[in-house]
Amino acid sequence: MRIGVLTAGGDCPGLNAVIRSVVHRAVTTFGDEVIGFEDGYAGLLDGRYRTLDLNDVGGILALGGTILGSSRLQRDRLREACENAQDMAREFGIDVLIPIGGEGTLTAARMLSDAGLPVVGVPKTIDNDISSTDRTFGFDTAVGVATEAMDRLKTTAESHQRVMVVEVMGRHAGWIALESGMAAGAHGICLPERPFDPADVVAMVEERFARGKKFAVICVAEGAHPVEGSMDYGHGAIDQFGHERFQGIGTALAYELERRLGKEAKPVILGHVQRGGTPTAYDRVLATRFGWHAVEAAHRGDFGRMTALRGTDVLMVPLAEAVTELKTVPKDRMDEAESVF
Amino acid sequence: MRIGVLTAGGDCPGLNAVIRSVVHRAVTTFGDEVIGFEDGYAGLLDGRYRTLDLNDVGGILALGGTILGSSRLQRDRLREACENAQDMAREFGIDVLIPIGGEGTLTAARMLSDAGLPVVGVPKTIDNDISSTDRTFGFDTAVGVATEAMDRLKTTAESHQRVMVVEVMGRHAGWIALESGMAAGAHGICLPERPFDPADVVAMVEERFARGKKFAVICVAEGAHPVEGSMDYGHGAIDQFGHERFQGIGTALAYELERRLGKEAKPVILGHVQRGGTPTAYDRVLATRFGWHAVEAAHRGDFGRMTALRGTDVLMVPLAEAVTELKTVPKDRMDEAESVF
Amino acid sequence: MRIGVLTAGGDCPGLNAVIRSVVHRAVTTFGDEVIGFEDGYAGLLDGRYRTLDLNDVGGILALGGTILGSSRLQRDRLREACENAQDMAREFGIDVLIPIGGEGTLTAARMLSDAGLPVVGVPKTIDNDISSTDRTFGFDTAVGVATEAMDRLKTTAESHQRVMVVEVMGRHAGWIALESGMAAGAHGICLPERPFDPADVVAMVEERFARGKKFAVICVAEGAHPVEGSMDYGHGAIDQFGHERFQGIGTALAYELERRLGKEAKPVILGHVQRGGTPTAYDRVLATRFGWHAVEAAHRGDFGRMTALRGTDVLMVPLAEAVTELKTVPKDRMDEAESVF
Amino acid sequence: MRIGVLTAGGDCPGLNAVIRSVVHRAVTTFGDEVIGFEDGYAGLLDGRYRTLDLNDVGGILALGGTILGSSRLQRDRLREACENAQDMAREFGIDVLIPIGGEGTLTAARMLSDAGLPVVGVPKTIDNDISSTDRTFGFDTAVGVATEAMDRLKTTAESHQRVMVVEVMGRHAGWIALESGMAAGAHGICLPERPFDPADVVAMVEERFARGKKFAVICVAEGAHPVEGSMDYGHGAIDQFGHERFQGIGTALAYELERRLGKEAKPVILGHVQRGGTPTAYDRVLATRFGWHAVEAAHRGDFGRMTALRGTDVLMVPLAEAVTELKTVPKDRMDEAESVF
């Protein structure tokens, strides 16, 4: 069998672990050939690829990034790809394509699959917001990085008697904010799933100060937003050339708190630190299992599906099911955290 | 409501996170009183306890160990306890006992529950071998520590052209060896669940050397054992006073390999490093959720059960079910790892 | 002997290690009494203090923050303190005061010393900019945190083909930027000690892109500034209420690069993460040695001086010498780094 | 100029950082050619080498191990090398050799230098025991790893009420034990520089137990040894084939304590974990500076010397001076630690 593999979308710890696992399983057990397309779907469309053997994947298990490169998909090029899906498979002589990526990548995978290309998907997102799988690799690493940062910020916030607003990743789903906030013991958590009222944040901080705890750490998902009309500060600031500069919710909320509390409140935007570097053991294991099962599925002819964690098992689920709805934080998980506004 | 809490058995990262979570939920939401018994069941039997309020659990979320102390249970004292279970509850004025512990602790919890003491259990083991729950807190930390150690050992094994046998925890179940071995890319994994033949390990190492890879890292659970009669070295060594000194399987296997390969093979026994210190974010979240659900169960009168992770949910399962059978590594998980002998 | 100790100024990993070391040495070896003033000089002036014995400093060696609390000094209160320096010593019955702090704290210490209070200083700054000592504790931890963040950002910058500008601490001296930039292999470093020309940064990035390296990480000290007139962006942005909002050099430089390169450039402001949390082993050792030597000096009557690292030795140097001039990055250290603009 | 570089002796975090720095400085600034000999002096003698350009050293700054491989030197081959030193230089067309290694490597370097080969040495040892330099790279990483392990062991020792004897590296000099013991707050430290009496260790533990602290962590350098005749246990144990098996001082001392205290005492042998993996920021900076200065020295014709850290400066010192005497822990450093027996 000849297997094509590609990585698309943003950086995510564990990508290399999947690639390595696919190559190990395919080459060692089945005697397959594996080729890797460069820079995501772009490499597939442009025919840029190279063979991957055991030596190529030596020492990459713990490495951040992706040895294949990645790129964001252009929609019109995708359409083109779908029209030529079967030709492409023939051209590169691949029996199956294993795209590793997030929602966009998997939607494209589904379209290619519908167009006749045998596809086995592997879901990837640090945001953990893909339906049909309990967890995605990269998420645990992101939560770990955010937690360690807040562990450090807490001692500083305390000794400086200061309010800190820590913005973590999560545009549409608040999983990173929820779990890192819980793990670090953040005093407040704001999620995209539930609009918050800054007045509640103010009340919490004031209650803490009244109890003699003269600091607070608030963990905010980048996609969190206030109840309509409840907050003065928005996302805009004007730079000196008159261009509007986007200002994240972390910064806006810190300004708002400072204004309302009459106390210093500092925004800390963790940003891309959360999505790079060495994956945690958890993510390496999950990524390795996903790669292994993708090759198994390929050999069973189990196409049009993707790997998914369910409880302790890795199963195959239809791509269609995975990409229809985003997996957001449900109410009962918010209740458990207690500090969600 | 008045809640008694205790921690029993060996050290496990996340114990303090459970205690903190129980106190937070009970005191803040329900206005309960919480008392903590010292040194496990010993404190219950001797009446050594102290009240726990919010201040007592400040800053302990990321702390290893247990602020309540722990001890191993003595069987005869347990019998005594069961005979006086209802009296004890009355004496301390507790409406429910939340014991946090491993198999022994939960078995005792079940006996106390059968004897009429309202009990809600919280499972704890770094070995991840308790049935009825997908994972236990402490396990992720142990796997992380073992993985980081093997990450470091790999560069050294490579530059010294050496075989290294790393012994990790897991007396009856090989979960830590399986997951840390996968995460670190160990070249061989030995588990308690499947007797291994040292000849297979030798063959693997020789095949690597033949390919020019002049090193190997083998990850062995402390409870792994060879196929009957396949190995010359056993667990014994004699110290200079003629006392037999136990020698773990890691050491024995390293000696065996050295003898058979005619090459240096070094044992590395990770030991208790795996069970101490700051818990990972994953373990803190799981421990916090377990504590939260234990308090909920207590208020629902849902006694004789323990918290359990199933998929993404935390549920309550009967103590009876949890302690009847050890959760060991099934064959399909070994297959995924590929390097299990 | 009765020793007073206080911590003043910003958070710095290692403060607790000094306090612990002072108590250990003073109590165990000399049978001294130690009292700790709360919240820096404020506690001294207000008479808020508590005795510190061995139990009080148990388990704090690796803890971030300061168990004594800290505060910034108010100048008028300092004058008041100096006028009453000898009375204060008598009032609290202290034979010596050991203030642990940065430049401001040590200047105050010198004034109190001149006013007749026996003082032994311990220098503290994550910025490493105090003269007369080779290094200060806290610096190694800050460099470690910044390096780890850039390690992670590099894989992300590479897979996203993006320019990243990482702003690290260092208002007047660029030590953190220099060493973390070197340790992480940043492609460019900007220091307060040498105005940079953004045109040089642009040239470096373009040269990299020309070589096929489609990303760059630039490490900028918060106190770095451009050659007069060389940069369009400044420190100002206007929020929606018309208030000017300070915008650090990292953000300004990222905007500037984006504008000139026509490519996305992202600022990452590491901020207070650098000054909180568990100190590295290096910082714990240095802090412990400083505390030990401070007590020795106190017993020798070696007042008006502070501890200092010189080579491998800890010596006492005059406070006067330590606070006259800031220790900045000299030209030869910039040359070694090569990537300093 | 054509520069040959090689790494010899045991693994040491920072080796790749030196290689990278040599190549960067030599190629970028001077337009030199750099070749790397494989597997230490063996590659030099066998003529196995490859050119190293900027791409070859991309991404290796934070990588453990050495991309050039290493090996222990054989004495007779060294003699051979010295006899042909000048011929070899001619054969490979190198103008200077930069060997990176420990005491043995530098002694060989000195002999080659005396034999007429232009040599600039770079010292390397995790043990920090090379004279003439304040510190060597690799040491900080080793201390960090040992400290983190003891941080974890402390919570476990405490909750299990157990004595733990942690053996760290350091055959002839106790720097790692001294600094990691101080950083982790070990209750006792044993160094090769000063024979210890196990009776003193016993007394310390008993004194702790009497104070209610029912655990202790003792940090022992592998080269520590008891006062003659003071200890029952030695280094021997007999395996089941009658072979004597070496048993380190950590194991022997744990047995001894167990026997004398009548309490469980566990040995933990950290071993090679201390010498592998990613270097700390400190070690990366020092290694990078050493590489830079080695190239500078080569261009100045400053041969027969090696790089050395003195205070904050990197200088060149005669190889002769560096290898005559081992740098051991002096008495005043032991005094500072207080817990050294």
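Some points to look at:
Order of writing sets the chain letters: A, B, C and D. Residues in each chain are counted from 1.
Basically, a contact is a pair of C-beta atoms (placed from the backbone, for glycine too) under 8 Å apart; a residue touches a chain by one contact, two chains touch by 3 or more.
Since the model is a prediction, treat every value here as computed from it, not as a measurement.
Relative to chain C, the most remote chain by averaged C-alpha coordinates is B.
Between the Cα centres of chain A and chain D there is a gap of 40 Å.
The mean-CA centres of chain A and chain B are about 30 angstrom from one another, to the nearest whole unit.
Of all residues in chain B, those that touch two or more other chains are 148, 151. Taken together, the chains touch in the following pairs: A-B, A-C, B-D, C-D. Within the complex formed with chain B, the residues of chain D that make contact are 10-11, 63-66, 69-70, 145, 148-149, 151-161, 164, 232-234, 236-241, 245, 247, 255, 266, 268-269, 271-278. Chain A contributes residues 20, 24-25, 28-29, 61-62, 134-135, 140, 143-144, 146-148, 151, 179-180, 182-185, 280-282, 284-285, 288-289, 292-293, 310-312, 314, 336, 338 to its touches with chain B in the complex.
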